[in-house]
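A, B, C and D are the chain letters, set down in written order, and residue numbers restart from 1 in every chain.
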Amino acid sequence: MAKLKALFLNASLKSSEEPSNTEGLAQEVIDIYTKEGVESEIVRLADYHIPYGIEKDMGEGDEWPLIFEKVINSDIVILCSPIWLGEKSSLAMAAIERLYGSSSETNEKGQSIFYNKVGGAVVTGNEDGAKNAASSLLYGLSHIGFVIPPNVDTYWVGEAGPGPSYMDEGGQENDFTKKHVEMLACNTMHLANIFKENPIPAKGNTME
Amino acid sequence: MAKLKALFLNASLKSSEEPSNTEGLAQEVIDIYTKEGVESEIVRLADYHIPYGIEKDMGEGDEWPLIFEKVINSDIVILCSPIWLGEKSSLAMAAIERLYGSSSETNEKGQSIFYNKVGGAVVTGNEDGAKNAASSLLYGLSHIGFVIPPNVDTYWVGEAGPGPSYMDEGGQENDFTKKHVEMLACNTMHLANIFKENPIPAKGNTME
Amino acid sequence: MAKLKALFLNASLKSSEEPSNTEGLAQEVIDIYTKEGVESEIVRLADYHIPYGIEKDMGEGDEWPLIFEKVINSDIVILCSPIWLGEKSSLAMAAIERLYGSSSETNEKGQSIFYNKVGGAVVTGNEDGAKNAASSLLYGLSHIGFVIPPNVDTYWVGEAGPGPSYMDEGGQENDFTKKHVEMLACNTMHLANIFKENPIPAKGNTME
Amino acid sequence: MAKLKALFLNASLKSSEEPSNTEGLAQEVIDIYTKEGVESEIVRLADYHIPYGIEKDMGEGDEWPLIFEKVINSDIVILCSPIWLGEKSSLAMAAIERLYGSSSETNEKGQSIFYNKVGGAVVTGNEDGAKNAASSLLYGLSHIGFVIPPNVDTYWVGEAGPGPSYMDEGGQENDFTKKHVEMLACNTMHLANIFKENPIPAKGNTME
């Protein structure tokens, strides 16, 4: 079976000069992918110039097309976001807007270009907001053509209020989060394999 | 191939003595299912006594177990909700709570009992709130084990403010809604068939 | 100055035969109110027969009118909810639907009956979802006529995954939650006093 | 009474070289403010260089401090957003993140710098998502210290699916939207006047 490719779009507000807790959790998923022979790549969105807008290419140094090319070449796309005020980051929303702006492209059958690709979400924050962020990320992916497998919202948050982040202390020992890392990794992989062998028939779902 | 079964849980606040616009839209999906040989059943939740709580059986005349039996025997489950204040109905949330209360049950492989089942959402309102409602319904299903195919959030809403409902005038002629009816019907059907032939492997996703 | 009245609508799914962690947190707010001379009452919604619907009185033993009478006679209304799947409870949504169903009633100036009343939210869960729940509760109140003071979303949640509830251990020692209890209590009180002395002028906001 | 100042932060993804439907609706609010002697200013956020992050000043040409200065000098702040995928824009979220990053600043009493300021939301889209966007915008403002008056979520959206925008045809004739324009304008003005005369007492709400 052809090797699967997984792409992580990390919407941390920080560029890769700084560590990202969200990336720390994504790395746990990657560790499983690597053991299973899935190829992984993380894109730190803050490293790129991604203008606001919903065109496929906004011109003037827009680097989104480079990222979009990676999306097209991946079987699995995991949106990764920190939490601010109980929500996904502005940069995560910018990525969804740009993905949406390319959702009228089609594959060779006339379906959305994202059909047969599988989505997931990785979220961290020092407290509260993970399910709200994950719900929004997964809905965005589903709405533009991705398949959402069961249990692909993996997150870590601490107790209410300011406090340690995922990589500070203890987060990586959370059994619930570890179980969900495994479910996210395995279910995205299982479904990506299933759709590679059994692509979604082009009936009732092509774009006119 | 075995005949597929689709279950519609209609969370209208009204019992079946009154017409439901949301059911009107669900019926459009059923029309396609019928042509394609998928068996459909609509449950009007307001006709049943469904106590608040998260036990599988709350006792004292609880009729949820009757509905849950139907869920277990279905390949496709569509949550249907009207919109109030921009959100899904209280009864839709009650259904999600009760489904969640049964999510620790497992299939013969030890996965959540909902694995290999496919979910979708049908929403109507006289205005605004459909995507918020659908996002919440689909996330709830995904979080407990359902697969969410692409483009399975089908809705109709009118212009901002009080106004006609889906069945009053024109709603049924909305091309966008009709296209999404077709995508919901076909993609839930396509994926239910795929998972019937290719069940999700029991690796990394069993419940301990 | 006339004594203020505060009403807590507790949307725990459990009746008052069982302890409610959310009520435990609400009680912290009440302790401050009591010291400050604000009269408090908690209504456990699950103790009442509240049919689904959006009529002011759904008939057939509907006990909502009893609760609505309390709302009308209060200066401060605090919606209290547990968290399920990262959201407020079904019963909290039912309360909002019924409040909304009464929002066309007007005061003597022709404004919504809820004008000059002040709202707030108290939320607990063993993990994640508090801000999402609070945001929805406060928006519902604001949309029908309540004033929302600053910092009136008070919550406690634990670390990601199953774990202790607010009253089990440590929750009541959380400094962030305690600070927000104080802000909720004081700001609802401050603003209720301000609007008692300075009611919102009836210009541009009466209902025709 | 001192003249009130209202600031509109328009989070359209387009710079001011292009017309913004959301700004068209904001302008309706401004027309009322002007008649009532409230001074208004619209900031098109896309015209400014606003780096991602949560520092008060992110350095390197960050223009947020210019905008923040305007926020500090305003009595009323209206967040204005278009809708994408049923949500507020990425730029609206960026504005909330930056406001949040400045929320530890205090006024002379030690309260959040945003105390006694009044917030509101203006949202437009060609369809669905306005209440979800408004709810998030208002919660963000409330959480950092703004007062949210009743009925300050003003929006226009069309029927489900692609279609005309607010300024294209008919949107400006929508009676519901016009009524809410008036309520937003008048209630923000009424409450800003009330808090100018009756600032929130500094008890229980200062930041340590």
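Going forward, a residue touches a chain if its C-beta (ideal position, glycine included) is under 8 Å from a C-beta of that chain, and two chains touch if they have at least 3 such contacts.
In this text, all values refer to a predicted model and were calculated from it rather than measured experimentally.
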item: Intersection of the contact lists for chain A and chain B; value: C, D
item: Proportion of interface numbers common to chain C and chain D (over half same, under half different); value: same
item: Interchain centroid distance [CA atoms averaged], chain B/chain C, Å; value: 30
item: Distance from chain D to chain C - Cα centre to Cα centre, in angstrom; value: 25
item: Chain B and chain D, separation of their C-alpha mean positions in angstrom; value: 36
item: Touching two or more other chains - residues of chain D; value: 85-87, 131, 135-136, 139, 143
item: Graph class of chain-chain contacts, one of line, ring, star, complete, other; value: complete
item: Chain A partner contacts - residues on chain D that touch it in the complex; value: 13-14, 46, 52-54, 84-91, 93-94, 96-97, 100, 136, 139-140, 143
item: Residues of chain A defined as touching chain C within the complex; value: 85-87, 127-132, 135, 155-162, 174-177
item: Residue ranges of chain A touching chain B (in the complex, touch as defined); value: 32, 112, 114-115, 131, 134-136, 138-139, 142-153, 182-183, 185-187, 190-191, 194-195, 197-198, 200-201, 203-205
